[in-house]
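The letters A, B and C name the chains in turn, as written, and every chain counts its residues from 1.
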């Protein structure tokens, strides 16, 4: 009834905002693409696209997990540290073969996720605080395990980092598969619906008998595991383990990708397509600025502005 | 705040204390309050005692002087952070502002001490003000706003240093340099400044009406507003204050290093937050004290120092220890806080 | 002192207040009563500057005023004590008392010694002895309420509005509160007292105004009004009035022979319920009667595991249900349609389809994958059966009307094939047509063998819809109406009865 009482004008404004939030990110990607086709030399080459895609892959994978956490009205600040931890574990256990090492790295991410989830679901710590603690400790642990940069020389990992199938790099392939997987989980599984319900209205979810704690833990485990996978892939691409700098500010990039992609920080909605586009948008923005000889400082400032704008747009919507 | 009880699976409104339990509640209340207030101090004393017994080099003048100096800059940042956290907010931009303040101060020092001090204060204070406005007026989440500011400030820093390749130097003989390098009665000037600021900060938080508002906003924002606390103005003030503190700390640090080092400050926001929380301030807001933050900073630095003394251990252990510490303190706080309500 | 005339306030779709006149006089305790949705809280919010009226005038001290914030009203001398304590729990008692008006000493710093002394004096004046340096949180809820009162009085209030101040107080604390109210009255302060407890009203109040459906139905001295008349006016019924059945869509009684499927025994929740027992048979509709705050919703929530109990147990079909877990209650076959549909019921951002399937998802999926065809089938069945009007199964529930939201919730529970359905105000805030449909549906469900526990503030609905009515008062079962005794008259008498323990009326 209330909805009908809204005046025409505000309805239009509302719809415009909603359109902007839902499709703004795609429009942004399109605009940047067109701009680059027109004004950036050597942009429209397969090689360039491959580079862009490879660079965006780790951010995207981390953002997928972040999208789940944000969907439950939470956030996971520990993802960057998990990447560092994962790269440390990877190079530490490389002696047992790349597969075992990668598995160990992912298990490390899962353990961090369990710790996050337990703090949030059972102890009742706010997500931002719980994951902050793991962010500090995770990076430290990564550095304890592997104090400084170390070259990773393993043919298996090297091919993972730079190989391709039909011209599509493995990294991009894996990111795409994971994105499709997460989108599928959100769309088609019980778990996906439960995540949304919990994020949208926790009291209602609890009264409806949903396993709120279990879902929360699984969400943070997924986020940890995905961040660890991103860490493995980034290591493979760089052919080096650098726990000092790998994943620095990753939480920020991932949150930006998710928020720019139209997932509100208030939870209850997860847009995987938007998240992918959000990650791509930021990558394109960086590239555009760099290719036009604008220094990286501008990229950071631009990214800061984009975040604030995206959160602002989401807020308008959330209030209604 | 009530989200915590909510998580426990019970609606907050059921948690009224039973009257016959009042005596027991009060005693355990007092014990937990005591633990919260002095737990960090006790830990600090024990840590120092153990350290001085284990390492001959710990209780030497040089080592203590070093620790005091390196604590000073973090302490000033933590001072501003305490105000922010008591209002229930968080400021992730302080690390970048610390670095930015240092570079601005080093650049400004060529025009005299006044510029070297005022420029970083003005710029960092302004960024803090913008944070505060976005949080209080536009009502965006503090962590995301200050995260963006962290990025933006780092961007500005790179922009004014040729992408970080240029390091401004401070003239060693200038008055500004003595602010960092000088000493008075054998104690470094930055340490004196820090101590003065902490006394001032404690007086402001405990003894002024503004301080009361800070507690009220963090303790129960709605009730505070109904009781007449200027919520928005208080929030804007604390973020500005935090920006000012970070900028000043950066400036002092630059004076000490006699140069504006561009790569400083990353991760400092976490150290500052850890110190504040370890010092007994509730991350959910409404409770905390300035002296605790100082103890928290010292504790972190002692741990760092001990790890350095051991030598064979990597300095990264410090992060593990402070992260674990942070987690423990937060768990204890949440647990104590919940028990209080449920009993 | 403070009065309003011809006051109207409309919210989208609801007329909350229409043409209300109300006057609080100095030195008088004025009771403001009415059931849910009668407009009490709207009136209070207009008086305290939270809402602005659409029409009408607020006069304070002979002058027309218009407060735009609670702060302005407060500064003008109108203090409000809310049902929930609105203070800062982590701050000390004295700091709470003096926030924003601390006595300042030299250098503009707070003079703590003076503040503590004055706080101590103010509280002693109200008969409370506490250490004013301790955090407010350490005090009992009652004492906290007293601090709120002290704050209200200390700001030289000339009007004090109390919104159910006793809902969390012990009897002893209520006595103290009443002492303070009497003192305020002597000082010439106008007190507006909102409560549902008959005994309290008659003990402390001089005048009463009864609101119903946004209108004033009565105003005058309380002593001239007996309890039964007051209850009748609040509920909007006449005593002895005989109504023919058929006003509501209920068809009448159901089979009441079978063994009870739901037994709740001795449910106790501190401050809320004490020793509440009831039983519901399959195919039976049992009504829970009582005024607002009598413990009806709490009983339903305790049975559904949404409110942890201190004592008592719930048994479904002979099997005890683990208390304090909604999931366990749901597994046992108990479904609760919560009172606060918007906050606790619907998930507004999800579609009709997702909302209906939400609770039943585990049963509708294989290996965690949702079986969309089965979901579609169930959603379609229920949308048709409950006549849910939506643009389609994919419309967001937040966009539906109240009645359709309620049907979606009903569908969510029915999809679980529950044995016991707890309905808390199932027809509140939904339009007349949808109301009739929901009522018919409740009947139908009971005919199908469901055990239904019905809570409703609509007496007519409660009486006609229920086979038996259990009457609650202050968290205690006071009567059970069965058979021919299920009448509005009997219900009102049960509610109005002076407690057996003997009250100092």
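Before moving on, here are some points about what is shown:
The rule we apply is simple: a residue touches a chain if its C-beta (ideal position, glycine included) is under 8 Å from a C-beta of that chain, and two chains touch if they have at least 3 such contacts.
Being a predicted model, the structure only gives us computed values, none of them experimental.
By the count of C-beta pairs in contact, the leading chain pair is A-B.
Chain centre most remote from that of subunit B: C (centre = mean of CA atoms).
With each centre defined as the average position of its C-alpha atoms, the distance from subunit B to subunit C rounds to 44 Å.
Subunit A and subunit B have centres, each the mean of its CA atoms, that are 29 Å apart. In subunit A, 203, 206 are the positions where the chain touches two or more neighbouring chains simultaneously. Of all residues in subunit B, those touching 2 or more other chains are 9, 11, listed in ascending order. Residues of subunit C in contact with at least two other chains: 306. The touching residues of subunit C, when paired with subunit A in their complex, are 12-13, 304, 306, 326-327, 329-331, 336, 338, 343-350, 354, 357-359, 361-362, 365, 368-370, 372, 399, 401-402, 412. Taken in their complex, subunit A has these residues touching subunit B: 75, 115, 119-121, 123-126, 128-130, 132-144, 147, 202-203, 206, 248-249, 252, 255, 259, 265, 295-305, 307-308, 311-312, 315.
For subunit B in complex with subunit A, the residues that touch the partner chain are 3-9, 11, 90, 134, 138-141, 143-145, 147-152, 154-159, 163, 266-267, 270, 273-274, 283-284, 314, 316-324, 326-327, 330-331, 334-335, 338. Residue ranges on subunit B touching subunit C, taken from their complex, read 9-11, 13-14, 16-19, 22, 25-26, 29, 33, 203, 207-209, 212-213, 215-216, 218-220, 222-229, 282, 286-287, 340.
On subunit C, the positions that touch subunit B within their shared complex are 70-71, 74-75, 84, 86-91, 95-96, 99-100, 102, 104, 108-110, 112, 135, 137-138, 140-142, 151, 168, 170, 269-272, 306-308, 324-325.
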